[in-house]
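In the two complexes below, subunit A is the common chain; its partner is subunit B in one and subunit C in the other.
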Partner chain A sequence: MFLQTVLLATLDGLSYGAQVFLVAVGLSLIFGVLRIVNVAHGSFYAIGAYVAASFGLLLAASGLSPWLSYPAMALSAVLVGVLLGGLLEVTLLRRIYGKEQVLQLLVTFAVFMIFEDLQKAIWGVSPYFVNTPLSLLGTVNILGINYSLYQLVVVPAFAVVVLLTLRYVLRSTRIGRIVTAVTDDREAAAAMGVDAAKVYLLTFMIGASLAAFGGALASGSTSLVPGMGSGMIILSFAVAATAGLGRIEGAAVAALMIGLGRSIAVYTAPEFDVLVPYLIMFVVLLIKPQGLFSVPQTRKV
Partner chain B sequence: MIRKSIGALCAAMLAASSSQAAEKPKELVIGITTFLSGPASVFGVPGKNAADMMIADLNAKGGILGVPVRSIVIDEGAGANQLMSEYRRVVLNEKAEVMFASVSSANCLALAPVAEDLEVPNILWDCSSPRIFEDNKYKFNVRTQAHTGAEMLAAALYLVKNKPNFKTVAGVNQDYAAGRDQWALFLTALKALKPDVQVVAELFPKFGAPDYSTEISRIQALKPDVIVNTSWGGDLDTFVQQAAARGAMTQGTYVFPLGESSLERLGNALPAGVVIGARGDHYFDHPKHKSDAAFQDFVKRYREKTGSYPIYPVFHMSQAMSAMQKAYEKAAVDNKVPWPSKEQLLAAFKNLSFHGLTSEVSIRDDSQGLEDQLIGTTVRNPAFNFATLDNIAIYPGKLVTTPIGQKSAEWLTKIKSDLANDPSIELFSAKQ
Partner chain C sequence: MRPEVIMGAGAALALCVATIIAPWATVMLTIALAVGLTVLGIVILLRAGQISFGHGLYYAAGAYTVAFLVNARLSLDTLVLIPLGGFVAMVIAIAFGFFAVRYRDIFFAMINLAISMVAFSLLEKLYHLTGGGDGMNVARPTLGGVRLGRVAFETWMFYTTLAVAAVSAFLVARYLASPLGKALEAIKSNETRLEYLGVSGNSALHIAYAVSAALAGMSGAIIAIVTGHVAPEFAYWVRSGEFVFISILGGSGNVVGAFAGSIVFEVIRNYAAAFAASYWQTILGLSLIAIIMFAPDGLTQLRLRRKVRP
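Presenting the complex of A and B:
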């Protein structure tokens, strides 16, 4: 019985954990390299979702194959990340690197508010739901419970692909090594001749694309409403902080912990559902204040 | 001596001025608090759209007592502090004579005492907490619609009447004040009507949750006969879509007391057989009023303007607007004045009866409105590309509203099961 509960809770928590991971890993990556806490990250999640939903509606209206909604998700993520993310980095963020953190928070928060109004101006306030991806794949029955394949397999699979790709790129490619070098020691990397501006722009676009991809995947199974970005940004902060800012695998583990924690809470103590992510963060930070996967910092003199 | 008589004169003048007519203003400024941002704008924006249309209609007919109406809209989504200071500003600086507050119960609870402080007539146009008049006595506040107690009782009565044989029930409700209040009052009513009912799960997913995987798995594992979900907007849509995709929408009887506001958006995802409430007798295809010329005309124009059928906040706004107009007119006639004073206006609200787009609402001595409650069951109707309602029951406001001086949470424990068969309940079914 206990094992069954754990198994079911694991299956329930996967989809949610995967979505949270995609958003949080982008946030974490950006912080690791740019040292900026980007509140507007939640907007990329929301806008990615809206753009993907718009593509979905367009596909449905044009009568093309509904399977195209999957590539459309990836496309909208890249579009949002590169165009909107790039624009934000070049015009605004560049001016505030190395400034006080309070200022950075205020500026990115202002951007978040502007994006929020922009979404309302473009997509209105009525909830959007494009259920093509959800209904396309059907269900699978496990232990008498029906699961949707989209939530159980597709969303987590994309998250795993992103995790493995990021790992590979950061560990085994030249550009990845450069990004890692900047994350670990910015000054030393700059001294070795790394073009920081280019690395910053690239990282920001990738981070924003990841959030937008999380949103695009979410658009297949959740209502798009005004304010959806703010809920996600709070949670991904919790994940990024639990993991240790800048840690990719840490974000995956923390997101999974939060996904599982939530569903185990619903099974055993539903009252604690909302509290779980923060309880996990609290306990982890109490024991490891720098986060689960933080590397010891060498003190510079 | 002189000082004394001047004092008396002043006092007399003051007393006289308060009972006399106020000067007729060039325009009647009203302030409306509603959600223009955040998830609740799914209600707030339709409410605002309705207000805009109704004020234009009113002004086209010469306004209220010949005075045109102008509205100032305040966003509830900006947070409680911002809302309170904006509310004060609109009353003090913009000289609003009447205020309409609010969509959120929390905001109504916060603004009702502010209205008392500012001595401005405040119409509670959409919020649902029964606590407003059950825990407080207010002079300047009046509610032109029902409260959660009446809404939940009507849904529970409909359920026990139409599905008499269920044994187990589960609740999935948003984790915020209104979600918890709604579930608590529904359950209180249900236990009074059906004492042997067994509650198998009480789940409170986060407000705005994007994922209900675990809740839906729980429902599939526990197999409750009845599942009650009082959520609304994107939350209800997400729940239904995810449950429908996993085949869980047909395994029990679902009760959505606020479901009317999601019918059109849910399209094909909502199956037949779901019990739907409408926070009052609000439905674009209202069995009693769909052939009224004014109702038809409004629904048609609302659709042309917004692309959707009107949902309950639109109807609530029509009730508040109509109550305000009726109160001004009644106060003017009763006192034989061209424009009533604040006191005269407040007096006119007492025991006022008025019509929004649907059935008549009347205001009790305690300023609480008596509003009929419409509950129905979904059917798949080929004329629409979404589920519509059939087997509709309309519960008179008087039957389901907590009596004056009693608290809903207590009164609902004492109701009897024969209430579900009261002869004053009107039934409408397509089959007849």
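Presenting the complex of A and C:
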């Protein structure tokens, strides 16, 4: 019985951590390049989930193969990231890069509030639950526990794919090198002929798509309610801060830590499951104020 | 300093007249003034260039302190409850401050957010202690030793809040003008240089943090007494965001701005709730963006700025 609980907690933590990782890595990527903490990031997560659910309902109504709901998830993530994320970057964020960090935080907070109303206006306030992707794959039996294949394999697999792709792109491709260069020193990169504005736009779209993809994956296994984005932004910030803002691989480790910590709390002390991510963040920041995987920075006088 | 005093006195007088002409606005104005106290706390931190997305925690601390004390039937007076609310919030802030003031900018904002969300979920989950999501009712306490009827209580609560607000505004203005307050501006412009002068940026911010929490605690205490109810939402991060919003609306340039901003905010909210309840957050968001883009010093600075640069 004890072994089963441990296993169940581990599996839950893995699946949950994978989901949080997708959102947090987008937040971290955007911060690394644009130096903005995007409070509206949680909205991309929620909107991605709602769009994916709507596609799912549409597929069910049109009688097409339910397997199409997987490509539909990816499609909705890209749609949300490119259209909504692109729109936000071009119309608003572009104007505030030079301003104080505090003001940038407030502008994205304002966008978050507007998106909250937008979600309620489009999808209403009653919960959505579209479990086609979940039920398609069925469950698998591990040591006497029935666990859904979707949460066990699909969600973590996508997270691993995203992690490896990001790593490869940033380290080994031309565009990745350019992004890294802009992150390091925007002016120097621009002097070398890099179109920094374009890199910013692209990064923001990718970051927003990742959040929306996390949401789309969540829509397959959880019911969607208003306010889901506001919880996620804080959690993903906790992950990104624990790892050190801008650290991609670190975000994966931190997401796993926080995911596992939370699911252990769910089984042992359910009143405190919400606290665990923050406790982990507090402890880490107490010891390493810039996060686990941060690189030391020089002080400028 | 002097024009601020005249402005403040004029505004206070105008408010008194307003409650006499329109008695129905008394509670609304009381709430606005009380919220203005929290905003005043945010303004102190803004001087140091820091924002807290978690002052709802201290606001809730003050409110729940009052709720616990009233429900414990200690029959404490309002004039004791308000400072007690501020005191409890300040103690929490001093303790948590040892951790929080080591961080700046985004980290400072988000760490405060995280701690307030911890408080929010604890208030919601510890049902047997805090009444859970429903919160707690607060019976009307005595005011100045007298047990008043509803209307008289509301009127006198307005004057009490006005007095608390006036004294706080005066003291905060003196604080911001003192060397300790000037150190906050130095944290914003260049903290490393401040430390070369032998002043600890962390200590200066720690004091500011405790003061701002005490203000938020008193504000929450007044709200709990006036509305007769406390709920976990007091500590919710969107509520904290509203406080920051109001401080930007009023402008961080002077102490009167905090109260001007919160009165404008409260009035608009009352009308928006009636006419466009589902677009309230959109209105907030759009005006926040507009202020940051076009009037970054806040509403109270619009006129002053024009005077400086003719």
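Just so we're on the same page, the second predicted complex is superposed on the first by the 280 of 301 C-alpha atoms of A that agree within 3 Å, B and C clash if a C-alpha of one lies under 4 Å from a C-alpha of the other, contacts with A are read in each partner's own complex, and residues count from 1 in each chain.
We take it that contacts are C-beta pairs under 8 Å (C-beta built on N, C-alpha and C of every residue); 3 or more make two chains touch, one makes a residue touch a chain.
Just so it is clear, the model here is predicted, and its values are computed rather than measured.
Model built by superposing both complexes on subunit A: subunit B and subunit C clash.
Using the contact criterion defined above for the overlaid structures, shared-chain residue A:Tyr200 touches neither subunit B nor subunit C, since it reaches no partner.
In the superposition on chain A, A:Asn146 makes contact with subunit B only, not with subunit C.
In the superposed pair of complexes, A:Lys120 makes contact with subunit B and with subunit C alike. When the two complexes are overlaid on their common chain A, residue A:Ile234 makes contact with subunit C while staying clear of subunit B. Of the two partner chains placed by superposition, only subunit B is touched by A:Ser221; subunit C is not.
Looking at the shared chain after the overlay, A:Leu92 reaches subunit C, while subunit B stays out of its contact range.
Of the two partner chains placed around the shared chain by superposition, subunit B is the only one that A:Val266 touches, whereas subunit C remains out of contact. By the document's definition of touching, both partners, subunit B and subunit C, reach A:Val274. Overlaid on A, the two complexes show subunit B and subunit C touching the same residues of subunit A, namely 116-117, 120, 271, 274. Residues 8-9, 11-13, 15-16, 19, 116-117, 120, 124-127, 129, 131, 134-135, 139, 144-148, 150-151, 218, 221-228, 231-232, 262-263, 266-267, 270-271, 273-274 of subunit A are the ones touching subunit B in the complex.
Listed in rising order, the residues of subunit A touching subunit C in the complex are 37, 92, 95-96, 99-103, 105-107, 109-114, 116-118, 120-121, 230, 234, 237-238, 241, 245, 271-272, 274-275, 278, 281-282, 285-286, 289, 299-301. Looking at the complex, you find that subunit B touches subunit A at residues 36-39, 41-42, 44-45, 77, 175, 201-206, 208, 210-211, 213-215, 217-218, 220-221, 233-235, 237-238, 241-242, 245-248, 265, 269, 308.
Touching subunit A in their complex are the following residues of subunit C: 46, 49-51, 53, 99, 102-103, 105-107, 109-111, 113-115, 117-118, 121-122, 125-126, 190, 192-193, 196, 237-238, 241, 244-245, 248, 278-282, 284-286, 288-289, 292-293, 296.
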